[in-house]
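Structures are listed in the sections that come next.
Shared chain: subunit A. Partners: subunit B in the first complex, subunit C in the second.
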Partner chain A sequence: MKKTFRFIITFGLISCFIQVKSQDFIQHAQVSGTFQADAITYVNDKSLHINDSTLNGKRLGMNGFALIHYDYKNFSAGLRYEAFLPPLLGFSSDAEGSGIANWFVNYKVGDFEVTAGNFYEQFGSGMILRAYEEWTLAYDNSFNGFRVKYKPTAGIYLKGLIGYQRDYWVKYTDGNRGIVKGINGELNFNELIKKMENSPFRLSIEGSFVSKYEKMPTKTIIRPIPPEGSYEVYQYKLPENVGAWSTAINIGYSNWNLMTEYAYKNENPSALNNYIYHKGQALYSILTYSRKGLGIELSAKRIDNMGFKSRMEETENVLDINFLPPLNPLHLYSFATMYPYATQPNGEMGVHAGIEYTFPKNSFLGGKYGTNFSISYSLIKDIKKEALSPEIPIDSTGTIGYSSDFFAFGDRKFYEDLKVQIYKKFTPRFNIIAAYFNQVYDKDVIEGHYNEYGKVYANIGVLDMTYRINDLHSIRLELQTLFTEQDRGNWMGATIEYAIAPKWFFSLGDQYNYGNDNVDEQIHYYNISFGYTHQSTRISLSYGRQNDGLLCVGGICRFVPAYTGFGLTISSNF
Partner chain B sequence: MKKHLITSFSAVISASLLILIYVGCDKVDAPYLEHTQTYLDTAQTSDTTYKKIVLLEDFTGHKCVNCPEAAQLAKNLQLAHTNQIVLIGIHAGFFAVPDQSGLYTADYRCPEGTSLNDYFNIMQYPTGIVNRKAFEGKIRLLPTSWESAINAELQQDPVAFIQIENIYNPQNRNLQIKTDIKILQDLEGEYTYTLYLIENHLTSAQKNNNASVGPVPDIIDYMHNHVLRTSINGIWGETLLPINGFVKGENIQLVHNLVVSQEWNAAQCQIVAFISKSDSHEVIQAAEKSIE
Partner chain C sequence: MKNIITILLFFFTVFTLRGQDQKESTRSSNLPSVELKTLDGKTILTDTLSNHGKPLIISFWALWCKPCIKELSNIANVYEEWVEETGVRLVAVSIDDPRSSSRVKPFVDGKSWEFDVLLDPNSDFKRAMNVNLIPHTFLLDGSGKVVWQHTSYTEGSEIELIQMVRKLNQGQTLQE
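Up next is the complex of A and B:
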């Protein structure tokens, strides 16, 4: 198959070279590329219980990719080669292998655009369709098929697509995943109506419809009946075509903007929702205000049974047709990400508020250089679920599952996050970031346990100081502490970095779990690293211990196991 | 002209949308479960003559919180496909490691189980392997995919049939296993025959996170079934002769002997047998029989 593909691509490109002005195709084309390889050599570590047996011979892991992009006038093409030989610890063993993961060709004729091959796409905020790639998670749910875009006139944008999604290296065959079709239209009134072109009032609306076709296997359930040892076998009625639609409105006036999207999904019994027939609904709304020195964001979200995958039986982080946008902001400091939130597609309801303000220079709080202050708060709870009848428990398989009041919060708090941060420049060479985080983390819900751990209440403090010795040399000291009476107890951490711009950096850090109830688990997670940058190529080397935990990006998480080892990262682009 | 263009495209888009909506949603009406079969007194249903029998190997561990739910699912699948699924519980990997003290001191691991775990590169638990064959491109299956893989296998006609007769002497614990293999279709290539011993009703603690299966987080008196204890003729079995294939109607008789370990309760032990392709290890037929 790969040989056939290479032949087609080679033949196609050769034909193009011959038929189109071949010189032009080379001389006036733009070719760009990106390469990255992350490799780790794992070593035995008694403290982390890592030995020959747990490593199972896989002492070296490597994740890498190379991306080549070709542009010539209205034509573009590209391919992405990936290699996981074998995957780094914490990545799915299904990723193991190498080859051309993605390829595409694209051309534009006037307002018409066609893409064939693999492509990424998003309708609205993604609640019924979003394909994207996230390297740190080895996540890629790209479509393989066709996409067309058309702009019949200014302000009207139409998109249609059909394809199946990537599932690591598994070849598409009939029945091993669904085929997704989608259509999306957007009306931008400021572009469509001449009078509104320069108006401070902005308005656009968007509508989408997505359908998945999947060949359904037989699925049965056993129900015991008297006498003992007897039972009945039932078969699920499974829909082969599942549809979802969404509509969004975007209203803006001056510095204000309000985006609201509502999504609806038909009956979609799946392994994710325990095969219930509840219709899915989602509402996401975000209000923002922005001017120099001030930013405000208020958002709210309700998700009810909106997991949507192109394989009914799938529960892993693959084949997601949609994306449920997270409310809580992404944190940068490691202790603040120790308890990250993973979106709960079966039901969650939350609010978020954030404000960022810069006190002007020479004001009382701004001082000589100004002071940046930000505060944000997120609360995410369960949705209210009521049993359909006293005899049928909530979420019973083969039923509607539950009824739910659209505007009612459930009792269970999944996650709460308060962040207060101040950035203060004291001299032209010295600045400090001080941050405080207060988090409530429902470990059972977020990590998929059943009333085993309860909630984790964490208080985190960060002090991040940077001193620029001169224009080239700088030193940064980061101090962190985490206090909690639950889970693994208290932590403290420190990192010191020395950078010689623009080529070198050196870093030494340690995270110490001094509050662990188990004395044997009071471990130092030390790390030493340095990096060198030459033009657009960067090489970094590290050695140390990695703490285990969840790594989440956009509400999608993967578990990173603890390990000790040497790390090498090379990245380059042209 | 422009207005005409917009109108035309609006009509095309509207029509496309309507078609997509029409064909893109299946209406499903309650009740969502369709009654298909009733089994009364399951002990009486033992007819296995010339049926396809599928092997499900469940990689598990007593500290794996999701494993009891998977074991329950496997049991239900066995009930739904009476006498057509043979289960082996392979305790291996991190979750199967016993503690020095406390609830989880039982050690159900065996060298064969660990070798299989390493060979199939099992890294998460529970993972199932159905007939040691890839389904939809994957050999390691999460429990959510077990049923469709089993159904796909059961749709195929049996190509061979295995009949086991166990002769056990409780005094000296000698077990003689007599096998009669009947070839039901012409078979090309090399095949192997493998015999494992499994044990049921082993009671010890099991971690659990599903309250509908049992107490959470520990089921103190969990009953571990189908636990792989040993292989009788090697982890990958023995080559069936002749090595160039078999003709429909052929019969093959084999005899194996084993002294059943004192550590195992013979009354709860079963022999699992299966024929597989020598090169790919794909299982074409399985069988099981109690020792006593």
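Up next is the complex of A and C:
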């Protein structure tokens, strides 16, 4: 009887609720979404050594996703479907499959916001926690769990989260995966204190704490001990909980701004650091000055053993809890990105300086339409590592690994990059961008080889000219050249584009590796492509040869193998 | 006892839901509500973005996106004239990650861009607006409703954009 009564009451309430709300839920809700599909048909190519057996029957690759959002006032929900059938060449075979990759519900009540399901998050600049998604790399380390945000008053922002991270299609119950917990607080004094609201002095501070829990197996190793010739069985002490914290301060006055963030991670022996007990530290500092027509930026960074994944044994591009922002800026021309830098989580130290300047209109160098000038320089080296004792080599597994002076650069140069660029508008219809790059690239360190290749020294020149035939028709010619005596030698490239705004786009390009020592490898990487855009729908078709290399977005790089084929991309939203 | 708690919780939920309805009317736009940062570090809610009843352009861009920078540079050249003629306001939302978000301000100042620039370092707004490829430009009417959008940029596309703004000001429907 009691049960029936309870049932009736509950049922009655639910139906009342649904009647009241359902009309609104349908009438006033917004449903929106987006999708993208990238497909490539691969063809045999003798020059690239691609034939039936290397393709292994996978002549067509397709990466696609669709996202649907439902919004109703303070409530929102979403679903993300993904399909890699099979994944395009160069993507992890773990991506293969299809299904609901992500879902979430989000609700805001007053100053609270609650998210359940999958979410992306970032504490500070991400050095101890950042979950994000990058489609071009099929990278997604989103959390699956709960997140609460709370804003008790203007200028105070609090966040807390708990969850586990996405590892392609692997279920949580299959395979070992840690649970991540984190809290973050931000205090913005300009918002908090009424008097400071419009002050030229700006101050905000931020603090975060992250902890990973992971069930640890018993792990042993047989290692040599003194005297020479004797060995012991060593059992690792693997912490089930690893904590990390970070603190950041941002101070600004008028045109000046200084942001500094420091992060610390407890000992975290893992496959990434060869199971050493070294503590992790990171410091990132950036000073900027800017006014109209001038922007200056100086930054410095030190990273020491800051790899942090939610699976101890993981070494692939998955399950990263944190993100270590690279110091060098991304370049926009293909030859300048042929030797891209990727952050070295086990240790690096670098500086960067950049200036952006616009010569005013009607000045000597500015001319009638102004001239834009930019220069940027980055240097990234190893940190200084000292052996703990003469008998124990640096990075020996099961030890603290090494000692390191916080402010000392190591001897090995990982990367150096100088960029000088001028943008000049000659007439309202004609402009030129000219750029020069000088790069030093430690191929062994960045690509993970064992002292096989050495350093690559490259000089790159770019000339990018755009001419507007009339309001809607334009033509662009891009010439690039790369000189190096190492790796694959010299390159030259040309691309010509014809566009009819806002819908049509056509381009023809070639990159020629004429300087390759191996005559058979002196290949033309030609490409022809066509694009059509209607509002937010874009279709592009291409045919050509893709050069192999690292594709880097943000701090993550993916190796793209060479291929020849037809490509099709469709993207739209509603 | 348990039942009473369940029922009370239920009523509570319903009332908070209803209570929120009234709060809604203060929202000035139909945009999803997501937190963005201004270039001097303040937090701003996207559903408060408005242009006082006049058209608003929201353009997603990033430092690593060449066509985006072309688009914004070309708009910057004519922005003053656009504002004078149509009263339009442009908000350029940078989706740069923490690697480069602190470089956005010196870059924007160095380029002498006059429009507003906001930061979306966690790409929350990008996802909420269903943006895949950038540049992606939205045109909102005076009530904050998206009436037109365009993805990608080729030289001259900004002419279509300002024509749409003019049509919107004249009360025409935005058909191409």
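Operating definition for what follows: the second predicted complex is superposed on the first by the 544 of 574 C-alpha atoms of A that agree within 3 Å, B and C clash if a C-alpha of one lies under 4 Å from a C-alpha of the other, contacts with A are read in each partner's own complex, and residues count from 1 in each chain.
In this section, contacts are C-beta pairs under 8 Å (C-beta built on N, C-alpha and C of every residue); 3 or more make two chains touch, one makes a residue touch a chain.
Everything numeric in this text was worked out from a predicted model, so none of it was measured.
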Clash-or-fit label for the pair subunit B, subunit C on subunit A: fit
First, second, both or neither for A:E191, with subunit B first and subunit C second: second
Partner chain in contact with A:G531 - subunit B first, subunit C second, else both or neither: second
Arrangement angle, subunit B at one end, subunit C at the other, subunit A at the vertex (C-alpha, nearest 10°): 140
Of subunit B and subunit C, the chain that contacts the larger number of subunit A residues: C
First, second, both or neither for A:A501, with subunit B first and subunit C second: second
Touched partner set for A:K73, first subunit B, second subunit C, both or neither: second
Lowest inter-chain C-alpha distance for subunit C and subunit B in the superposed arrangement, angstrom: 20
Overlapping contact positions on subunit A, where the subunit C interface meets the subunit B interface: none
Complex interface listing, subunit A residues touching subunit B: 54, 56, 93-94, 96, 150, 152-153, 156, 158, 160, 167, 169-171, 173, 175-177, 181, 183, 185, 209-211, 213, 217-222, 225, 227, 229-243, 245, 266-267, 269, 271, 277, 313-316, 398-400, 448-452
Of subunit C, residues touching subunit A in the complex: 3, 6-7, 10, 14, 16-17, 20-21, 24, 30, 32-33, 40-43, 63-64, 66, 69, 77, 97-100, 102-103, 105-112, 121-124, 127-128, 130-133, 136, 148-152, 154-157, 159-160, 176
Subunit A residues touching subunit C - in the complex, by the definition given at the top: 6, 9-10, 13, 17, 20-21, 30, 32-34, 36, 67, 69, 71, 73-74, 76, 108-109, 120-122, 124-126, 130, 132-133, 135, 157, 188, 190-191, 202, 204, 250, 252, 257, 259, 286, 288-297, 299, 323, 325-326, 329-330, 332, 354-358, 369-370, 372, 374, 466, 468, 471-474, 476, 499-502, 504-505, 531, 533-538, 553-555, 571, 573-574
Interfacial residue positions of subunit B with respect to subunit A in the complex: 2, 5-6, 9-10, 13, 16-17, 20-21, 23-30, 32-43, 65, 76-77, 79-80, 94, 118, 121, 123, 136-138, 140, 142, 144-145, 147-148, 151-152, 208-211, 216-217
